[in-house]
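Next, two complexes with chain A in common: one pairs it with chain B, the other with chain C.
== the complex of A and B ==
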């Protein structure tokens, strides 16, 4: 990326035409080599998480409980209204939509979630990052492909089992138009990228802060709120909705779920996905920038 | 000859936060942290030619590892410059690391959860090693390091000695032009250390790699390196041949003789009364006769031939031995007393 590569000829001339033995040739991986390498990181991450799959069985239970808790809460809330249940709208959603919102939100979260921030900050604090920096690849890129491997694992062995339980139990219906399934999936993939980039940025903070556990905890709490996974934004006042519309976090849950519910159609749909994609790219570039800065400022453990 | 590595007034500062004492001090720290600058590496300069194997030694906290980390591109210097074969390690990291192998004795570069062979396969992809080269080098490593027995075990299940062998193979799999070894024998038992040294000797001869080695075990240096750089408090104290280090003034040799008849030490002392020589009777008092006597002297002031000639003229000698100072003693003296030899401006050879 931002490496300045001198020409071999220039180096040779500077060395006074000295022996070639004292010159290291600039080197760059070709595109096909990069792809092969990065795909093997996808594969290895998948295998690594597969080895820890037992950990995820309890997750299926806890995600189902989350959905159940919210579903019963909303049922009680809708039932408490004086008008007939079929006419009740809260935040523009009827009860069935509300429960679908909750279910799809948590199903999506089970796929987009990862702990890159924790992994990266641990590596930085333990000084293990040095062993990555001595290898000719970009740490951010490697982490993104590992995140893809983890996501593939999650999709197959975590998200699908949750769907198998949640969809029939709560009678979750499909989107109003079947083509929206594809858009929802695309939107959740972009949500995964956004989440991974955000986590990467937070992990990078470990270069500057001694302990970022608190930051990570604060992130979890505020993201559950700002992504819309806990409560749909339509419950909140207009000014709040305006604020979150300018933040990347709505792309984590609110955008894909409202796409699924058919609340965004036509131009609305395209622009929502486009904004998500823009955030994904933008955050990736911020990550590149922060990484380059942080590595230069780095003080590794054990001088 | 153009040097492969040029290090020019390389400097690295660390900024440390110092804690004040007590509760009140702790509260003051919150508002006004007290910062202190620690100069870990202080204007270090040297050059290393392609094919050299150089020992880089110093006490704990002397700045060895910091230098190595700047040479490997992990750390960015505060001031000064590193150039290796026309590249700047911390700027052109990806290009540079392609040509570099690193072993940090305290860490592993292998993937903890993967079998060793999976890690090596991944490294093959990372460094784009052709299949034929991969096979050939793996055979070479197998022969010297005996990797077969644990090639299919995950790294986390290996003993330290096994792990180190794997790390050495990993560092050399892509036939790097440079190899940085930061305490490669730390924590290993005597046999494992010997294996590592034997491997490094072989690798140096067969793979034509330039090596910089830091260690606390000076036998590593003695067996592997002709040239040493000694660093202390971030500054170069000595840069030259290991052999010259021993020959420097202030280093004392010890000549021991085994006499046919027991003789009191006083008699021998009288023989060399005009020379700066210290006789001791191997633990006995000077007036008590004994067979074995040792003379300690400085090569700058006298020599073994003169002393021996005088002893031979007066007594029958059954056996004799001349002992060079142990390299540990020499280095300990350098740490303690500082510079004893001028630092050479140019590289050796």
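== the complex of A and C ==
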């Protein structure tokens, strides 16, 4: 298993005594070699995103506007209730919790967001995927590690600056118990994995469809709604809450944010994170399966 | 139909008079437009997927509004039907804008980084007209139709009795609001002449549009100032809708919309021209 010396099996000259053709015997990378290979994609992705910084400066502004807009919307909503503002509860949240919900939801989204679907479909449409397919790695794994590199970049140069602006401006407090910070972070890392896997699956559709822009648009629209980033699920009727509890999308925003707010404690907390982890693994396996099928359907355009 | 001879406006030779030149330009733009319309029609599945995505987006917006209004009788004094009217109105200029200018989002990537602007600049038609015509996207139409439907429904619920002036004004306000969208995204596209970046500045700003769909008075003064003067999206839905739902006091604000549109469009075109002058091809 640890042997990685490529043995060269010389194939003797066949008929005619021409120059001996050398054939490389199959060789294996060991685990450490694989890890080193894949980790290098984390670094490369980090550096790649470092080169495009302008969009993140403006992104900080626009995420702040997002939080501000929703904070005002919910402030207006809470103020429009007949009872005194301090007594208003909507969907089990008081106004301060609601503002915190909005802020943490968008801060988390700034970390978990990526464009794997667009990148992958672009590679498929441009035929670049052929070059990926002949390289000795699994494209899905590479994209996951690249997503990690992008997320590391986002965390440092996007999420943290957003926090520096949003937290003081909107007076966002910490969670009711300090240990919940750790659980929230874990939950957002799982949200990152779920989001990346979903995007990978969407990107794979480009093997079957010539253009998946419409699909990606529909995804963005539905995820903003089904992840809970726009409205907490507790605002919705019971049947809707039952439906979304069976979908992976609640793990993108609603689960981590409600953990932060202390709405899930004890067994509730563990099961929520466990369900997230199960979706992360499940979607990864679906991605492996879909990829194996999809590459057989690939038709590369010219080149 | 049977003739294969080129249309007269396509024949070579520079016409002398200003009028003839303008006619030639418009003729070429028309031919250009027809060509890209044909190209779009070649991808019918795209169109259907886009239609579905549009319907879906509007459905989700309506669901969001009705969930929020299921919690309160009115939002800072604005009724569900009033907010719905503003939302319906917002779809008209947005649809009109999407019809011709979707390419502005991808401008940095397609035209600058990939160098397609070279081709545009080599042709004897106004570069901006070419860029806008190349992005013709028929799916804007279904936004406009749905927007009309929502506006009519909300208007009926509000008991509005439109007179001829209201209808005529709609024909002024909607294109004015659409040109504000166009102007904002044109200036953002033009920024990529100075700062090259494939994604450009458009996506985050596009996300701000959703806040233009609520009555401006639900926001604090900071946000109001930004939406009125910096990113003038207050003028794409809320301000013009005031003519119909704002009552005697507020409705005259709507009349400023065309002036704002002219101002913003002039500014944006200036930025675009300045950017175009310093354009240096990628050389690839």
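In the analysis below, the second predicted complex is superposed on the first by the 278 of 303 C-alpha atoms of A that agree within 3 Å, B and C clash if a C-alpha of one lies under 4 Å from a C-alpha of the other, contacts with A are read in each partner's own complex, and residues count from 1 in each chain.
Here is the rule we use: a contact is a pair of C-beta atoms (placed from the backbone, for glycine too) under 8 Å apart; a residue touches a chain by one contact, two chains touch by 3 or more.
Quantities reported herein were computed from a predicted structural model and do not represent experimental measurements.
By the document's definition of touching, of the two partners only chain C reaches A:215; chain B does not. Of the two partner chains placed by superposition, only chain C is touched by A:230; chain B is not.
Of the two partner chains placed around the shared chain by superposition, neither chain B nor chain C is touched by A:49. Within the superposed three-chain model, A:284 lies out of touch with both chain B and chain C [touch as defined at top]. In the superposition on chain A, contact is made by A:131 with chain B only, not with chain C. When both complexes are overlaid on chain A, the residue A:170 reaches neither chain B nor chain C. In the superposed model, A:207 makes contact with neither chain B nor chain C. In the superposed pair of complexes, A:68 makes contact with chain C only, with no contact to chain B.
On the side of chain A, the complex with chain B involves touching residues 3-6, 11, 14-16, 18-19, 21-29, 33, 36-37, 40, 44, 48, 51, 127-128, 130-131, 133-138, 295-300, 302-303.
On the side of chain B, the complex with chain A involves touching residues 1-4, 14-15, 40, 49-51, 61, 63, 65-66, 69, 72-76, 84-87, 90-100, 102, 104, 106-109, 111, 113-114, 118, 122, 125-128, 177.
If you check the complex, the residues on chain A that touch chain C are 52, 54-55, 58-59, 61-63, 65-66, 68-69, 72-73, 76-77, 79-82, 90-91, 209-211, 213-215, 217-218, 221-222, 224-225, 230-231, 235-236.
Note for the complex: chain C touches chain A at residues 43, 45-46, 49-50, 52-53, 56-57, 60, 63-64, 67-68, 71-76, 195, 197-201, 203-205, 207-208, 210-211, 214, 218-220, 222-223, 226.
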